[in-house]
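Read through the structure below, which is laid out as structure tokens, and then see the notes.
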Amino acid sequence: VDNFKVLVCMGSSSDWNIMKDAVSILKEFSVNVDYQVLSAHRCPEEMLQMGKTAHEKGYQIIIAGAGGAAHLPGMLASASPLPVIGVPIKATHLDGMDSLLSIVQMPKGVPVATVGINKANNAALLAVKILATQSDPLRDKIIQYKAELKKKSHAQQSDLIF
Amino acid sequence: VDNFKVLVCMGSSSDWNIMKDAVSILKEFSVNVDYQVLSAHRCPEEMLQMGKTAHEKGYQIIIAGAGGAAHLPGMLASASPLPVIGVPIKATHLDGMDSLLSIVQMPKGVPVATVGINKANNAALLAVKILATQSDPLRDKIIQYKAELKKKSHAQQSDLIF
Amino acid sequence: VDNFKVLVCMGSSSDWNIMKDAVSILKEFSVNVDYQVLSAHRCPEEMLQMGKTAHEKGYQIIIAGAGGAAHLPGMLASASPLPVIGVPIKATHLDGMDSLLSIVQMPKGVPVATVGINKANNAALLAVKILATQSDPLRDKIIQYKAELKKKSHAQQSDLIF
Amino acid sequence: VDNFKVLVCMGSSSDWNIMKDAVSILKEFSVNVDYQVLSAHRCPEEMLQMGKTAHEKGYQIIIAGAGGAAHLPGMLASASPLPVIGVPIKATHLDGMDSLLSIVQMPKGVPVATVGINKANNAALLAVKILATQSDPLRDKIIQYKAELKKKSHAQQSDLIF
Amino acid sequence: VDNFKVLVCMGSSSDWNIMKDAVSILKEFSVNVDYQVLSAHRCPEEMLQMGKTAHEKGYQIIIAGAGGAAHLPGMLASASPLPVIGVPIKATHLDGMDSLLSIVQMPKGVPVATVGINKANNAALLAVKILATQSDPLRDKIIQYKAELKKKSHAQQSDLIF
Amino acid sequence: VDNFKVLVCMGSSSDWNIMKDAVSILKEFSVNVDYQVLSAHRCPEEMLQMGKTAHEKGYQIIIAGAGGAAHLPGMLASASPLPVIGVPIKATHLDGMDSLLSIVQMPKGVPVATVGINKANNAALLAVKILATQSDPLRDKIIQYKAELKKKSHAQQSDLIF
Amino acid sequence: VDNFKVLVCMGSSSDWNIMKDAVSILKEFSVNVDYQVLSAHRCPEEMLQMGKTAHEKGYQIIIAGAGGAAHLPGMLASASPLPVIGVPIKATHLDGMDSLLSIVQMPKGVPVATVGINKANNAALLAVKILATQSDPLRDKIIQYKAELKKKSHAQQSDLIF
Amino acid sequence: VDNFKVLVCMGSSSDWNIMKDAVSILKEFSVNVDYQVLSAHRCPEEMLQMGKTAHEKGYQIIIAGAGGAAHLPGMLASASPLPVIGVPIKATHLDGMDSLLSIVQMPKGVPVATVGINKANNAALLAVKILATQSDPLRDKIIQYKAELKKKSHAQQSDLIF
């Protein structure tokens, strides 16, 4: 898995509290990860440049989190041949519905793989599942991860104290 | 008003049916207008280049219409020192609510002047009001336009046939 | 920029906590600003009178914030030839969606330049961008402001502590 | 009931198709009714003047229909001591939700009696119920009207053909 | 105003915190008021009985507050020839949108005069405005109340401390 | 199954087009069914009387369909010890969301078993599933019905003509 | 009532705080109840197996609570001939609207009896009402329970302290 | 690209009209594709079995479209180590919002890569982008596809006939 590398980026450092979950998961699966603030609205040219060149820098996948009028995932998807996973982040109002619609409702030709509101962890798991399509060891880890989810779910039974 | 020039752009030619209302209004006020398809998602670099240089090309205002995950107005606003007026266009689903939220909920530092769903005509009138802040003849035209709106409103009374 | 003057008004002093951000930004750009409570529902005649005369009092732009059934921006826009920027303020319920729709969905002929929920700061920046269409020094300040936004965005990178 | 008079007004003649239902109902109950186009956004001063003087002109109740950023009912309520009944009219988008919120979410001190979307008939019935609080004959008519509703409801049973 | 009497009822005592505002306002205008818990879902027959007889008990108006699937106002309106004012109360979820739609979207023939979410005070003011259609002293009080609202609005200016 | 009987009722004959699906399904399962118009708002007392006595009339289940401020299911549930299944019917606006919330958001103590918008067929299937808890032959029919659904689903494969 | 048994299950132990209300109510009515964590997404096969066999294990009804993309109730309904009652649980965002729609909008053929957001108590009462269709003693308890609700509602009157 | 294979499945043949767009795009990129009706609610066991074994059958990616309470994508994601791309399909009501929330709001551990409402074409393009992470020729095709999108966007300019 050494040759896998994922870019986790976000519109603002205020998104870090959510987006670091993605980094944790990727590290848990031993996937290389870089993370950075990359604002579509404050650094549009760098953002576009990153989109255009990310695949040349060795990234296989881009995970992008943003809130409100969340343009970052869609703009990276427009510039990059890589799959872009978008994380709608709940900003100050509307409980993340604005971010969700801004990210998921992309026009024909420019998809963003959208996960649930604030679900950066799921964005990372999706990235791992994508990488696992070309790595049997990673697929095995995914299958094992699922087995552990199941075990934890069983263990929750003991929390049901009436 | 000869030195005024507004750029009307839209994400796709399918938006033209709505956006040409903006061109009509601007022509009605004798404001120079250029119009073009400029897709944030299909031509991001040209789009950004236009954003960066529009003020150097003699434009005072950009009007941008887009539907769905409507990134065009916000991305132009991120690149340009000009005021950008955004027109949320009803795409195939959600009755324009996705476009509205994608355009209006911009982060601190990068405003888009958003008008109502499909209200390209109002975007143009807002542009004229903006230009009129530096042109007394244009302001007079605005005042006259309002007087005509009032007259037409009065005339509607005769349509109320019971 | 000495001849520029913006009116910031709001439906109630309870909106001041949000609306003073607009005043801060305008002062930061050395734009003259007056601010006042001006209730469409409690002082409709004064409000309309202000709308009708604001341009004669030397204002170029009106910024109006209101919550709930937020009529202030639209009513000022109906009375004034000036561009009116509306700030939807989150009132007690519905997270500002009521204010947003009441402000943005104006009928043909009477536009309000709507910004995001509680985004009084962006209303002021939009006002500055509008004024900058007739002032090269102000445009330069805008360009510089954008450069600083970019710098701050870069600086946020150091906040990403894993 | 000869001294009762209701004003039915609407923002545009395009609302007449809905609002004439209110006129029909009022006539059915032999309540005097005037109806007119009265645009909050195109004729704000006349509108306010009407609001201020309607009670002096012999009206007991104002019914106001409007769509989109529907300010007419609220502005009349702000100007008039009379009860104002608001009819949210479905405009082009959002299925009347914008009109509903613009009308119903009025601030403390300035109520609008809001009925369902496009329910001008119910606005008129509400007006009749209000007038009936001071007229026993009108109350009897209301009670009779309810009895007829019940009878018609019973009669619908024969429409259930399986 | 001695012969005026308003019934304020609510689905549960948990609504009292909101609904007592209605009682306060009515007392402020010296309108007689009774208030009671009257649950459409727990005491449907009493509720209907009250609806049927309220006008015989000397009430001119019913104000009814309810949350969630808020059936109380509509059911009283179905039973009573009196005008019913409905107050949508924010229950545990959905920020009052469920209550608002359950109250305002009544079918043809059975209107409820709906006010804003949790706006029991406005329900009472609407009741006073309704009663004032048959009482000049009450109308004068309404006009005076509006003048005080205006004065208070002016006074808020001093709260705008930058 | 001869002793099973279900009451299908609806607020208006305009709901019949949807509600007859429920009757069809019940007949398909040889469950006795009566159907009638029963308006909560136009015949509240009969409606309540039916709620109170339905179980004495031999009904095991009530299915109630209504649109807009859909009070029928909840009011029947308040009066009856029987399980009430509510069908939110799309009325003129808001695509059935108003009906759904009016039916499903019932207060503690008075549940309504809500099915999807316009899904009268599912209401009937739910009724059959409920009756099947006390009838092995009916349970077998349900199991067979599910087997046929599966078969039909398989058969759809041949419709996928590329 | 000894032969009645209800299964209460939930997607995660974090739902227990809500779902235990269902257990309380069932015990209050002396209905046997088992409860368990049963995740559609983490243990899909066990979940399906439970759905397929619950009726053989002596359960008459399944109550299932889940939040977000709440698939548990619908998947159990797809596998089981038993009536399934779904409880939409408010997860982290969107105030339970996502859970509600995921549970209630089931396709033709596979109904879920949906109750209000977080209303596990009502799910249990619905289960009791369903069981009472085959038990006169249970029906009597339901009628008595309703009588107590009425009594408590009356008692709330004393809480209205002005 | 011969060893790439994608499974396109859908809840019902009524989704085919949308989902065949995915098949078209995949064929356009010479990616092998199988397509089938696979109902989570009508054939839950086959569906789960397919989820569990799809990776063994040589699929790299699953694309699943569903409407209403759209459980198919999430259930497949729960069973499969493969990345699952979900297409929310507009069913009869709510304009696809129910499908969108049912698909995107998955719990931690079980991501679905969600695309826009009815955007099966984008689901396929996302699949191609994912496969391209392990195929330089496919990446080149993606880059070429983007170039053609740009060209088509330019060509639309000639459609703007004023």
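Odds and ends about this structure:
Chains: A, B, C, D, E, F, G and H, in written order; residue numbering restarts at 1 for each.
Criterion: a residue touches a chain if its C-beta (ideal position, glycine included) is under 8 Å from a C-beta of that chain, and two chains touch if they have at least 3 such contacts.
Predicted, not measured: the structure shown is a model, and the values here were computed from it.
Common neighbours of chain C and chain H (chains touching each): A, B. By residue number, over half of the touching pairs seen at D-F are also found at C-E, the match among A-H, D-E or C-E. Rounded to a whole number, the gap between the C-alpha centres of chain B and chain E is 43 angstrom. Mean C-alpha positions place chain A and chain E at a centre distance of 49 Å. Here the spacing of chain E and chain H, counted between their Cα centres, is 52 Å. Listed for chain A are residues 12, 42, 68-69, 93-95, 97, 104-106, 109-110, 112, 116-117, 146, 149, each touching two or more other chains. All chain pairs that touch, listed by label, are A-B, A-C, A-G, A-H, B-C, B-D, B-H, C-D, C-E, D-E, D-F, E-F, E-G, F-G, F-H, G-H. By the touch criterion given at the top, residues 11-12, 40-42, 44-45, 48, 51, 67-69, 71, 74-75, 77-79, 91, 93-94, 97-98, 101-107, 109-110, 112 of chain C touch chain D in their complex. The touching residues of chain C, when paired with chain A in their complex, are 90, 95-97, 116-118, 146, 149-150, 152-154, 156-157, 159-160, 162. Residues of chain A touching chain C in their complex: 12-13, 16, 20, 23, 35-37, 39, 42-43, 68-69, 92-95. For chain H in complex with chain A, the residues that touch the partner chain are 55, 60-61, 81-83, 85, 100, 104-106, 108-117, 119, 121-123, 125-126, 129-134, 139, 142-143, 145-146, 149.
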